[in-house]
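Each of the two complexes below includes chain A, the first together with chain B, the second together with chain C.
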Partner chain A sequence: MYFAGIDIGSTMTKVVLTDQAGKLLSFIKGPTGAEHRQLANEVMRQALGQASLKIDDISYIVATGYGRLNVPFADRQITELSCHARGVSSLFPNARTVIDIGGQDAKCMRIENGRLVSFVMNNKCAAGTGRFLEVTAATLAIRLENMGYISLKATRKVSISNMCTIFAQQEVVALLSRGEKLENILAGLHEALASRVATLARRLGVEPDLVLTGGVAKNIGMVKAMGEILGCEILVPEEPLLTGALGAAILARETHMKAAAVGEGLSTKSRRLEKATFFSQEQ
Partner chain B sequence: MSDKSTGLNKAREIYLDSSRRARELRAAGKKIIGYPCAYVPLEILTALGLVPYQTCADMKEPVTEADRALPHSFCPVMRNCLDRALKGKNDFLDGMVTTHSCDPQEKTARIWESYTHYPYFHFIDMPITIRPEALEYFKGQLNDFRKTLEAFTGQKLSADKLKTAIKSHNQQRALVRELYELTKPSPPRLSGTEILRVVKALTSLPVVEGNDLLTETISEVKKRSAGPEQKPARLLIWSSTLNDTDIMQVFEAKANVVMNESCGGVRPFRGQVKLTADPLEGLADYYLNEITCARTFRQATLGETRKDYARDLQSRFGYLKGTIKDWKINGAILLLVRYCDPFAFEMPSLQDYLKGIGIPNSYIEYDYTIGALAPMRTRVEAFVETISR
Partner chain C sequence: MTWFMGIDIGSAYSKGVITRDVELNASHITKSGADYRKAAEAIRTELIRKSNLTIDDVASTVATGSGADNVYFAGRKASDIVCTARGINNIFPQARTVIDMASQSTRVIRLNEEGIVTNFTASEKCAAGSGRFIEVIANVLRTDLPDFSRLAAGSRSPVTFSTGCAVFGESEAITRISEGVSKEDIAAGVNRALAGNIASLVRKLKLEEPCAVCGGGALNTALVKNLEAELSTGLLIPPQPQMITALGAAIIAATSVASQSRGKHNC
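Up next is the complex of A and B:
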């Protein structure tokens, strides 16, 4: 008996497969791209190949993330908030707060007994999300994955006054032309982003242990800045992009086990790895 | 589906083409008066043979023309409303009435007047508190409103005519409440989306036609066997205005919306206008005191120096408690249209109140565009997941 979680985020698509005991068998991360409807089946195929499984071997599949409605072979859709909370608490049983910063949104979640109890998300805007860093990296012509390391060399933090992604770029360009050092600008940008997300988290109330996930958690400069602003240790999973898909796989297993325990049959979708057609999963 | 002659289907048709009836009536010689907000006393219009028509915003319509007149960081509902008017979508109106129910309405009053050129325009100044002096002042404002309409129509407004109109509108309020009674069972007998269409239809029909539609819909729903399916949560939506089925369907994909506490739902219909000797007195009292919109500053007591927060919350939100209990509501969505200050400032206290009575809630802000619906869906579904285990 095997279970799958598939997380289609705005930037990355992630798949996690587990066995009957909930043990991780394989995972895949790939860019979502513009046509995520066409991609879900491909990443699932790769994950299955890695684990030497067939799609028919999977007892239950949960889809999550923005593209969760476009996975024709998923048996159930659960939001990324519940999935992240579940995934994180499986890795960090003492986690009470999760901050996930993804490509197009930032969310803060509170966990009790391994479950999501409350959350806040940023409003529709790139400020305070991974996109902010992506755009900045492009403006500065540096690699996204190097940003954090470069910022650690800063001798001072430049203050960035505007958190609008577009206006902040203008500010960065102005700072560069004034001769400000790249590492100091980056340290300032990380601090600006971290304080924006921290404000969001404080609306919900921050309680340790605090876990940071999402692509932005791979940025060491951001982890440092978040720790300084929130004044507590920031825990980061080994694969911070995967907690949503992992949570989805765990919830798939739990849904299946719960139904089996009461002798209830669960309806599942066709196990053909077909491409989704437009809006086929609505309702 | 049943045939088109049923109340629910009629409501759906009117919802999709809300100005059709107003255009027909105008062609037959009636005068149509637009209003943007539940604070305009429709009884006075009805009593003088005028047809009230609510000029709603439309989320699907990108705002372009209104940008000539209004800044971007301004109530998107009012911007959208004015935009539609400037695009000629309300060209069947003979007049427009706005009130000082909120600043965006007050600030746009002259813009409406100078950009739209309807034969009749009137602005009703509304006090922001419910103190006795405020009521006196507001009564004077309604009297002015009456005078301008008398001049416009060339008719006198007699107390009898006004009382008859009040009775018709009171009947409408009672019928809407009866309709909401049908969402009490589990699963509800009709969906939040179905009610929304009916209520929106009412705002574009003469009161008597609206009452017929309600009567027909209520008896149809009572008789039908199939209603909405049961969902894992029974929600109350608290908002300034929620009158678009696309938003309602975001909620109803995962929950039953059994109460729409907004101007597109039960809010304009909760109370009854008292039939006072001078009917304007009853109207002033109803519109100032009884409509539970965040724009009004309510104090538990007047002239006391010691303030009691719990009692203050009770006086501001107490009306929700019975509804939450009777409709077995287990979650509330507090939906805020961006830049709506009166509702934004009310949120923290309302959240305190709901916490006090043990009702989980989720606060969602959006910018009144369809682009906001996908993130809204995630928030709503996650909220339902937290309350429906």
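Up next is the complex of A and C:
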């Protein structure tokens, strides 16, 4: 018996496959893109290939993320908040707070006994999301993945006075032309984003253990900046992008096991890996 | 008859005027570029040439705008809020509210019949509340700002932006283009979104009519129409709306010289 979680985010699509015991078998990360929202089947096919499984082998499939309705073969849809909470607590049983910073939003979640109890999110302003770093990295002509490492070399943090991403972009250009060192500017940018996310998180109350997920968790400069601002240790999963899909796979397994325990049958979708159309979506 | 100069160094453009007492005589605008001192000098040279004067003919110069410190030849600085109010009061003495739509920020100023500022607010933190939003989308549409208003006017069904953020708005515009939405509908959609953001800024301060607009945004007639609809009122548009703050600076130069000389007579 096998289970699958598929997380269709705004920038990346993630699939996790587990076995009967909940052990991770394979995972795939691929860009979402506009048409890929219709092509969840492609990512699933790759993940199945990696684990040498067929789609018929999968007992139950849960889809999550902002494109979760575009997965015709998924048996159930669960919000990404519940899936993230579940995925993180499977990796860090003592986690009480999760901060997920993606390319398009930032979410802060509080967990008790492995369940989501409350959350706050920002999807209104790019300045509080990974987008802030993406835009400024492009302005500074450096690769996003190098940003954090370079920021660690800073001898001081240049404070960034503009809150808006677009105004910060022009501030960064002015700072460079004044001869400010790249690493010092980067340290300032990381601090600016961290302080915005921290303000969001404090609305919820931050309690350790604190886990940072999402693409931004891969940035070592952000992990450092968040730790400094929140004054606590920041735990980061080995694959910070996968916690949503992992939680979905765990919830798929739990749903299936629960139903089996009481002898109830679960309705499942056709196991044909077809592309989503507007007509095949659930009403 | 005495000559005065007002120079307004903004983040995108630098503006300057020469007045004969408080009457506008000549104006000049140039990109601020990276060297604000150079921009200020270029404006002075051009204003002197247009007015057929020499530098010594100018009795006093007042500098304003975010780069006012770079106008080393100015006798004094004045706040841009005060200058905008004085400038609009000179053209529309009846105006009780003025909305200055610039690249970096939108400012709403309430003023009395003497052009004295009674209250003001600004949208400094967010590009989606300033002309910058339009510049960002104009860049996506590969159109110039002067064409932007014309494009927007040709729209049949403006797109609705789902976001209040200029960065997310940029991605949304790109998505809409890929879906085949016309440039016209996107341009009109941005104008409408910006007008909505400006209107909420105006409501924070309470609108007192008559209301005037100025700044580069006032040249975007489609935007002004949207704003009129949002605020349910007609808006006064001055000639050369970008020059209002510089004009106010020159008027402040003229009136402070006048009050100083009055002071001397009294002694």
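What to note about this one:
Keep this in mind: the second predicted complex is superposed on the first by the 279 of 283 C-alpha atoms of A that agree within 3 Å, B and C clash if a C-alpha of one lies under 4 Å from a C-alpha of the other, contacts with A are read in each partner's own complex, and residues count from 1 in each chain.
We adopt the following convention: a residue touches a chain if its C-beta (ideal position, glycine included) is under 8 Å from a C-beta of that chain, and two chains touch if they have at least 3 such contacts.
Quick caveat, the model's predicted, so the values are computed rather than measured.
After alignment on the shared chain A, the placement of chain B and chain C results in a clash.
Using the contact criterion defined above for the overlaid structures, shared-chain residue A:Thr79 touches chain B, although it does not reach chain C.
Look at A:Leu204: by the touch rule set out above, it reaches neither chain B nor chain C. Contact with neither chain B nor chain C is seen for A:Met257 once the two complexes are overlaid on the shared chain. In the overlay built on the shared chain, the residue A:Met121 is in contact with chain B alone; chain C does not reach it. Once chain A of one complex is fitted onto chain A of the other, the partner contacts of A:Val135 are limited to chain C, with no touch recorded for chain B. Using the contact criterion defined above for the overlaid structures, shared-chain residue A:Leu144 touches neither chain B nor chain C, since it reaches no partner.
Remark: of the candidate stretches 59-67, 131-139 or 239-247 in chain B, the one overlapping chain C after superposition on chain A is 59-67. In the superposition on the C-alpha atoms of chain A, the part of chain A touched by chain B in one complex and by chain C in the other spans residues 124. Note for the complex: chain C touches chain A at residues 11, 34, 104, 125-128, 132, 136, 163-168, 175, 178.
On the side of chain A, the complex with chain B involves touching residues 66, 77-82, 105, 115-119, 121, 123-124, 283. Taken in their complex, chain A has these residues touching chain C: 34, 104, 124-127, 131, 135, 162-167, 170, 177.
Listed in rising order, the residues of chain B touching chain A in the complex are 253, 338, 365-367, 371-372, 374-375, 378-379, 381-382, 385-386, 389.
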